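In structure tokens below, several structures.
The same chain A turns up in both complexes below, where it pairs with chain B and then with chain C.
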Partner chain A sequence: MTGISVEVVERGAWTVLTVHGPINSYTHNELQEKTMRHAGRVDMAVDLSGVSSMTSAGIGVLLAAVEDAAAAGKRFVVVAPSEVARLAIESTGFSDHFPTVPSLKELPA
Partner chain B sequence: MGLTLFTYLAAAFAAVAALGVKGRGGGVRAFRIAAFSGVAYAVLLATGYLLSEDYRAAALVLVRLAAAGAVTSYLAFFRLAVGYPYAKRLVALDVALAAVAGAALWALVFTDAYLVDLKRFGYDFVRFEGSYHAALSIAGAGIGAAAAVTMAARAAVVSSRVYRQHLAVMALGLAGSVAWGYALAIVAPTSTFLMGAYPLSAANALFSVLAASYAFSATRVFQARAAVKAVAAWAVILLAFGLPLGAAVGMAFLLRGAAPATAVLLAAVGFAAAGHWAESFAKGRLGSGHDEASREDLEAAIAHLDLSTGRESVLGELSGIMGDAFGCSWFATLSEDDSGGLRRIYPEDDDALVAAPGSPALEALAALERRVVFKTDVVADEAFAEQKPALLAFFEALGAEAVVLAKEGRRVVGAFAFGPKRSGADYDALDYAAFDAVHGKLFVVAYYARHVARESLLETVEQEIGLADQIVRSIQQHIDPIAHPGVSVSFRCESPRGLGGDLFDSVRISEHRWFFVVGDISGKGLNASMSMVILKSMIRTLLKEEKDFVKLVSRTNAFIKERLPRGTFFSGLFGFLALDKGSVYFINCGIPAMFFRSPGLDSAVEAQGDGKMLGFVKNVEPFLKTRKLALPPGSRLLICTDGIVEAESVRGERYGKERLARILGENKGSSAAETVDAVVKSASAFAGGRLDDDITVVAIDYEGLPKEKKR
Partner chain C sequence: MPIAEAPALGAPIALAPRSKAVARIASGPGTFDEYDGFVRSLPFVTRREACALVVAGDEIVDNLLTHGEIGAAGVLVLVRKRRSGLTLAFFVDSHEEFSSFSSGLDRGDPTAARFDEREGRWHGLGLTMCRNIASRVRYRPGLRVDRVFLEF
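Up next, the complex of A and B:
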């Protein structure tokens, strides 16, 4: 699978972006466009359970979203990151920058 | 007693302000004499007042000395008024003023002409005035008033606007001092109602000293709007917090609920804590948020310049943006030409060499630590004393009022010059903050202007990618190659689209020592390239300033966090090769792979350890660890960015570190360059011939120092 799909749904107070596929320099634009549209405007959750690989391009998108949310006083969480997504986040040395919940059911109210 | 305390505090505050003036130029000596005589006046008078209940003789001497201090202070202010801002020697005036000071000292201290005796009964203060008390008092105040009037008159005629403001502020401060001192020291003791305020009279030094301290430290004019805003912010602090706190502490003191020291301590702690809150409240309500928003808009406008439209068009658009943002009457772009001189390239019809290579102007610009310079800074700031003539000539030749420099270390790559404002106002502190905020973006445009040739050439290259590629290649090639008999270094830095954010740079520190940095700035394409260009230049500039390795990396982190676009981060490695010691010192900032292979080991081992990427937190210093790796002769380091490690096969497999280690093992006998090629070929073949990401591979082979060079 070389493409990426990003689905956006409302779930209670949260706007949930569900990502499937690899996040790399070719595919990150779609994710970036959708996170930029919502980050800092709503409480945003990004479900990374379907991510098959993630390079620094993906981390950059998440970091910008985290910073936009913090600047606007909105919430941002990563949901159920796949093993590769988790490793990519851990490689930054700042995993605690990306609050994570194990599943969509665990999203705070 | 409380009023005396206030006078002591005013004296301390004035002394701190005076000590903070660091200048060496014209008038500083007169200022120091004036300031410390004023401080002495306050301390002597307050102490004399306290002692006048039980120690009349001592009190009399102190109050007489205080009066001499006040006169000396006014005389010194008069000298300042005549000479400021120039350092001209006026021997006759100095001798005359010293004679007057000596005469005043004699008359005030050693005769009964001014004061015969004094006595305090609780709050009742009785002063037995000498026959010439009124005349001497009026003469003393007259000297202060004459100094204030001289300052005001000179403020009206001096040509430099910044000095005009300095003189006006000093005149106001001094006039306030004289009026306050005269009212409370001369008039108050004769009035039953105001008699108690006498010890406050000597607090007047605060106004004149603060005003003059401002003049000696401010190098930019202020606009009425900004001044009103600052005063309003302080008024909020004073009214909302200072007065109630002062009243509460005063009541506690009067009701014997607190000792003087406790009262002062409580007031200081309370004021510091709540003053901070009040200041941020005032700033939030009074509009600096608006200035920040404007700066962000300006930054965004420059970032969105379409570089594919060609140099003339880009600079034309930038000129429009700057004209709107700063109200400048004209805008010019200077760029380093092939000879190393600075040439005006925009407006294009005005192509002229502004600073020849090796010229005093260019040398002065190269020596500057600042990147934003106002003409008023050059005129008034002591820090520019050495370069002042050359810089003033540069500003005059351009007719500019402000210059923003794009520098790589000492080298001036380009400069942006701003003409006088259309409104006639000067560039002020708000403009400075805005220039400083957009410097990173302007730097990119300067680099673009330097490296992208004229319109005619553009027709022959591809648009966006071609342009950016020129910049990236030009910058990538601009390194100090690590050329040393004891080491062989090879690197490849490539991007699938011809432009990217990967970076390798090396800088020679000394004969056997080299700094290097390898890594990946996040983002892709043009944006990543821009960030990489800025970062590389910034690291080179910081290298000049910062000798501490950890602090260098920490400052780089702060730059990424604060200056580069939101979401930008850097994963890589900073290193120092100490070839004379056979060691490499490094800080891992999230490099995914650094393999080390010693001739004594069969396999390569990972050596990078844990690391924190840059750009995530404001202060990364606590997270940084410097590591040392001993390099035996025949050892090899192989460093790769994530473009290699994360390369994916068509089946979605990662290239990973194991393959990397294997390639390293298979190339034991190969050179550094052959090993780098082998890694790139292997990763590329693994990914089906198409690497998705920017890649950088660096190999460092250490051979040991040649025997004759060993110590």
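Up next, the complex of A and C:
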């Protein structure tokens, strides 16, 4: 199976998680582990430009991270979602929960 | 077609573009890759349509796999494009859980996406996604084969 990779880097005030590959019930554990490690502790940006597909398993992970961030007064943004990631997010009806920027350069200070 | 309207002898015959494709996908580690590859290879769907087929179809595949509903025979996937729209269908060996889920939908059980605090996970999120992407989603249990139809 094609797995996912989740790279974590610091970029100014932000901790950026860059995800590559398909996010589904078989692959979401790595994303979950890394988001749980940082969500609510730092300002988190999740770069979804390399996501080839995303099911509700991945959406659930991101929603949890959004909730943790909001509860802790931290920021959460999605960066440059791929076409399928954008459609997956929009199709949940929860787009408003996912502030999005078109590139890492557009991250707020 | 009246013979008078038929192409002249020896003239090339313009065939309608192929607008239906079927694939059998095995249950296992490569199911998502196989399904996505199949959809993205279809010459008769646009990039936008392929995107919808991938997102909604992956959700169906994910649920079928998670609930153990894809048996040894794998899953048969059909994509058909007509003037009226696009149809995506899944056929799997019948499974009790599928029938139970389908009956719940027919009874009008609540299906709105909701977070279960006790289980720590979302319910109904995938169905919501499919319903928002497709114009119609139907689950049809059978004695031997269960079917899922999505129309776009």
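Some points to look at:
In this text, the second predicted complex is superposed on the first by the 108 of 109 C-alpha atoms of A that agree within 3 Å, B and C clash if a C-alpha of one lies under 4 Å from a C-alpha of the other, contacts with A are read in each partner's own complex, and residues count from 1 in each chain.
In this text, contacts are C-beta pairs under 8 Å (C-beta built on N, C-alpha and C of every residue); 3 or more make two chains touch, one makes a residue touch a chain.
All values reported here derive from a predicted model rather than from experimental measurement.
With both structures placed on the common chain, the touch criterion links A:59 to chain B and to chain C. In the superposition on chain A, contact of A:93 is made with both chain B and chain C. Contacts of A:83 after superposition on the shared chain: chain C is touched, whereas chain B is not. Residue contacts after overlaying the shared chain place A:68 against chain B, while chain C stays out of touching range. Legend: residue contacts after superposition of the two complexes on their common chain; A:25 is shown touching both chain B and chain C. When the two complexes are laid over each other on chain A, chain A has residues 1, 22, 24-26, 52-53, 55-57, 59-60, 63, 84, 91-94 in contact with both chain B and chain C.
Of all the residues in chain B, the ones that touch chain A in their complex are 496, 520, 522-524, 565-569, 571, 590, 592, 610-613, 615-617, 623, 642-643, 646, 648, 652, 654, 692-694. Taken together, the chain A residues at the contact with chain C in this complex read 1-2, 22, 24-26, 52-57, 59-60, 63, 83-84, 87-88, 90-94. Chain A contributes residues 1, 22, 24-26, 28, 52-53, 55-57, 59-61, 63-65, 67-68, 84, 91-94, 97 to its touches with chain B in the complex.
Across the complex, chain A is touched by residues 29-30, 32-33, 36, 47, 51-52, 54-56, 58-59, 62, 65-66, 113, 115, 121-122, 125-126, 128-130, 132-133 of chain C.
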